[in-house]
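First chain A sits with chain B, and in the next complex the same chain sits with chain C.
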Partner chain A sequence: MQKLGEFKLPHFFNYPPYFTLQPVRDTREKQVQLWKELIIEYCRAQKVFIIGLEEDFPLFSNRAIERSLSHEARVAFLSALVSDGRAEWTDKGHKKCLILWHRIQEWADLIVHFVKENGLEDNVTTVEEIRSGTESRGTELYGIDRSVLMRALKLLEHKGKLVIFKGASTDDEGVKFSL
Partner chain B sequence: MAAGNYLPTAELTASGRPVLYPGEIESSLLSSVDLLSEENPNFPHLKSGLLILTNHRLLWLPNSTPVSSPTPVHIPLSAVSHIFSLKKSIKSVFSTPRIRFQVSVTSEGRVDEKGLRSIVIALVLRGKSDPEAFLGKFWEALKVRAWEEIKVGASGAEAGSSSGSRSGEGSLALRMPVVGVAGILRKEQEMWESTDKSLQDAFQDLNALMSKAKEMVMLAEKMRLKLLAGSNNQATGAAEDELGTKEEMQDWLLSVGIASPVTKESAGALYHQQLSRQLADFVRIPLERAGGTINLIDVYCLFNRARGTELISPDDLLQACSLWEKFDVPVMLRKFDSGVMVIQNKAHSDDEVFARIRSLVTKPDALQSGVSASDAAMTLGVAPAMAKEYLLTAEGKGLLCRDISPDGFRFYINLFQDINSDDVYLVRDYSIYAAWISTNSISR
Partner chain C sequence: MRRRPGIGGLQNAAAARDQYRLLGENVAKLRTDLMKEQLSTFRSQLEDFARKHKNDIRKNPAFRSQFHEMCAKVGVDPLASNKGFWAELLGIGDFYYELGVQIVDICLSTRAHNGGLISLEELCKLLGQRRKGAREAVAEDDCLRAISKLKVLGSGFEVISVGKRKLVRSVPTELNKDHNEILELAQAQGFVTVDEVQRRLSWPSGRATDALETLLDEGLAMIDDGDKDGRRRYWFPCVSSISSYAGADTS
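Take a look at the complex of A and B:
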């Protein structure tokens, strides 16, 4: 079986029709479903947050069979993810897509779990530390996209679980938890 | 009814068209015609059939084909000894027109050119017709005596078909008129030279008509538009009166020589019915050669080429094909989703074609690199364009998937249905998916 990086690709990744947008409705539904899942799982495994439609996203091409998804197909599959609430377009031109293999709520839950695990309930920490500090290594939070993290934090702030405030340096914010 | 004792039988094709002799050309068709002998009650009284005048014979065909209908018969023109002119009287204006002519019969009463006795036969023209015009053609056909010319081609009548007199022209398998310009010119010359009073009269009428032609065309066009507007406005509950007027108008237009515009609702103008049967006969051989499915455009070209001069329009062809539903012919018109129209044998089965496609796409080569329309064409024995239509139809049914790439447009067996979306790594043993995987892993 083929691999993309460390990610194990399913057999149908070598099936040429997989890379052609199918016109027949039932076939198309199945195809879309398979692509949605593949995209989510790949992004989760490789920690990819943003897919640029005009860039070379490795999942969208298969050198071995010399096929790659047309622009129309890429838009179709990503739009399907957006409709499911598992992705968002970051721009009006639909050139970049944010993939939420965890929904914002799920990220928030992970943050809460992280805070409890590391006894940070009454502590103050920075946003940067949450995403790249020593405690976060090995957790899903490590390397999280900054904007996604901010949204999750804001969600928690809205629920009164924490407070975000401007930190010492101009571009890093601090977080005080009050779980 | 022992019509066979009095009148020789006329042979028909499988689609109900008369089998014509070499050089025999039709010149007039009339519907709803009775054939009888007023003086001999034993002579068969044939009712409401189709009368066809050719340059060799008069044919009478029954109108429908139930088992009990009378057999088709003919009267060779060589047996006709005299044609009576139409009686014009006050009475004749209101009654059904009759055409009477004298034929030679044997002592048993059977129509035969060598017969020594004679009887008078009457044709009762119950359908819409122009008796004068028919009489003119009848006279003409009798005068020319085309059946006496051996194989060298026959003269045409005013029906518009012409033939060449050069035997070297070669005849088409259909016995269609052969085109020879010299022949046409010679015949025209002869026609002008041998003036007959009735012919002179006919031409005078024609001149008068020509001068009115422009008015007629304009009037007919107005009628046609009115009819069409009427048919568009027609909801399911149309008034009886309106329908009656419409039919009258259609008949009127037909008698003026303009085909009915409301084609779907009318029973089909006589011209189209005959054309339809002729087409069904013609198309059988090309259909066999093409593997059972032939593109309508190809039929249009083949048919017109065979006809030579009496070319039909694409619209005529389409109408002729759509009339097949009403007759019992072994062919049918089929429209694919893509809009492509083909003619197929009625016996044709899509399921059988799909079964063959399925076995084609599950072969190891096809599992690996799919099939193109040309590949399928070779296996199915049809033209590549037809094969593509079948592949697209199979795709629509979920049997195949498409693969579009710089290599071209190819089809694979549909594996998507074999893939389990809950576990995308799962492969069922002995499934097509498993077969595909093993075929592909060998090469990679």
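Take a look at the complex of A and C:
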């Protein structure tokens, strides 16, 4: 089985026709489904948050079979993820796509869990601490995209679970939990 | 008997026919009686054999296949009913039933990929993977038997031959001769091009495109526009194994 780093690629990735957008509806549906799943799983495993459509994203081509996804195909698969609520275009030109292998609400739940696990209920911490501190190492929060984290935190703030405030340094914010 | 013209002639012919018919019936009855007796002896010998070799029949696919052939020769179908002597003695009624269920499951789960047509070889391989822990090994012959039982369900399960291979069809799609020939051609590399079909089968261009488009619509083919020479390839998942792509020769 082929691998990309540590990631095991599914069999369809080695079958040339899957790199061409299929014209027949049922076949296309199956194709889109497979690609959606692959993209999500790969991003989750490699902690990829942003995919640039015109960049060399490893899944977009398979050198072993000399095939690459056309721009149209890339747009089709990512748009399908956007429709599912599992991705968002970050620009009007649809050149970059944010992949939400966890939805914002799921990230929020993970943060709550993290806080409880580490006894931070009445504590204060910083946004950077949450995404790169020692406690977050080994958890899914480690290395999380900053904008995604902020959105999840804002969601929780809206529910009254925490307060975000300006921190000591200009580029980091503090968070006080009140779960 | 010489035919004579006129009514008299006709009456004679009728009488002669009747006599022959009666004679024929007698002969047939005699033969049947003899055969019944022979069969009855044969059957009880077969039953003894089955009792004695129960384990071998269960565990050994080759042995099992030969046993079935013997049964067929004397008109015994051990799978005819799930109850009754044979099923109870051998317990193989359940075996084929279970196999049938697994086959249906595999066909359904691969349908989106191969359009409802899967090679017997691939089916057996997937079955083997699924049955890793089971006591009984499964051979292609067992698959064929289980599938013939499935046909009774009328769900379109059928085994078709394409070239040297056997394919299992689990959808009602009818394949005509043109489609069959294309599938056979595709077995070499897993795909064909319009040019290749026209050239190898000496078809006019419309005929090749029509057949390929139908196969595409039925979900049996997938297009591939990524080759360097710019020629569209039509791939057929049913003639390849899911785990052996990457341009490998599948034959």
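One rule holds in what follows: the second predicted complex is superposed on the first by the 179 of 179 C-alpha atoms of A that agree within 3 Å, B and C clash if a C-alpha of one lies under 4 Å from a C-alpha of the other, contacts with A are read in each partner's own complex, and residues count from 1 in each chain.
Everything that follows uses one rule, which is that a contact is a pair of C-beta atoms (placed from the backbone, for glycine too) under 8 Å apart; a residue touches a chain by one contact, two chains touch by 3 or more.
Please read these numbers as outputs of a predicted model, since none were measured by experiment.
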Task = Overlay done on chain A, so just call it for chain B and chain C: clash or fit.
result = clash
Key: Partner chain(s) touched by A:Pro16 [first = chain B, second = chain C, both, neither]   = both
Query = A:Gly133 contacts which: chain B (first), chain C (second), both, neither?
reply = neither
Request  = Based on the superposed arrangement, let me know which partner A:Gly174 touches: chain B (first), chain C (second), both, or neither?
outcome  = neither
Inquiry  = With both complexes superposed on chain A, which partner does A:Val24 reach: first (chain B), second (chain C), both or neither?
reply    = both
Inquiry  = Contacts for A:Glu37 in the overlay, against chain B (first) and chain C (second): which applies, first, second, both or neither?
reply    = first
Message = Which segment, 6-14, 330-338 or 348-356, is the chain B region that clashes with chain C in the superposed model?
response = 348-356
Key: Residues of chain A that lie at the interface with chain B and also at the interface with chain C   = 11-12, 14-17, 19-20, 22-24, 26-27, 30, 64, 66-67
Chain C partner contacts - residues on chain A that touch it in the complex = 1-2, 11-12, 14-20, 22-24, 26-27, 30, 64-68
Remark   = The answer for chain A against chain B in the complex is residues 8, 10-12, 14-17, 19-20, 22-24, 26-27, 30-31, 33-34, 37-38, 64, 66-67
Chain A contact footprint on chain B (complex, rising order) = 370, 395-396, 398, 401-405, 407, 410, 412, 414-417, 419, 421, 424-425, 427, 433, 436-437, 440, 444
Ask   = chain A touches which residues of chain C in the complex?
value = 112-113, 115, 191, 216-217, 219, 222-228, 233, 235, 237, 240, 242-243, 245-247
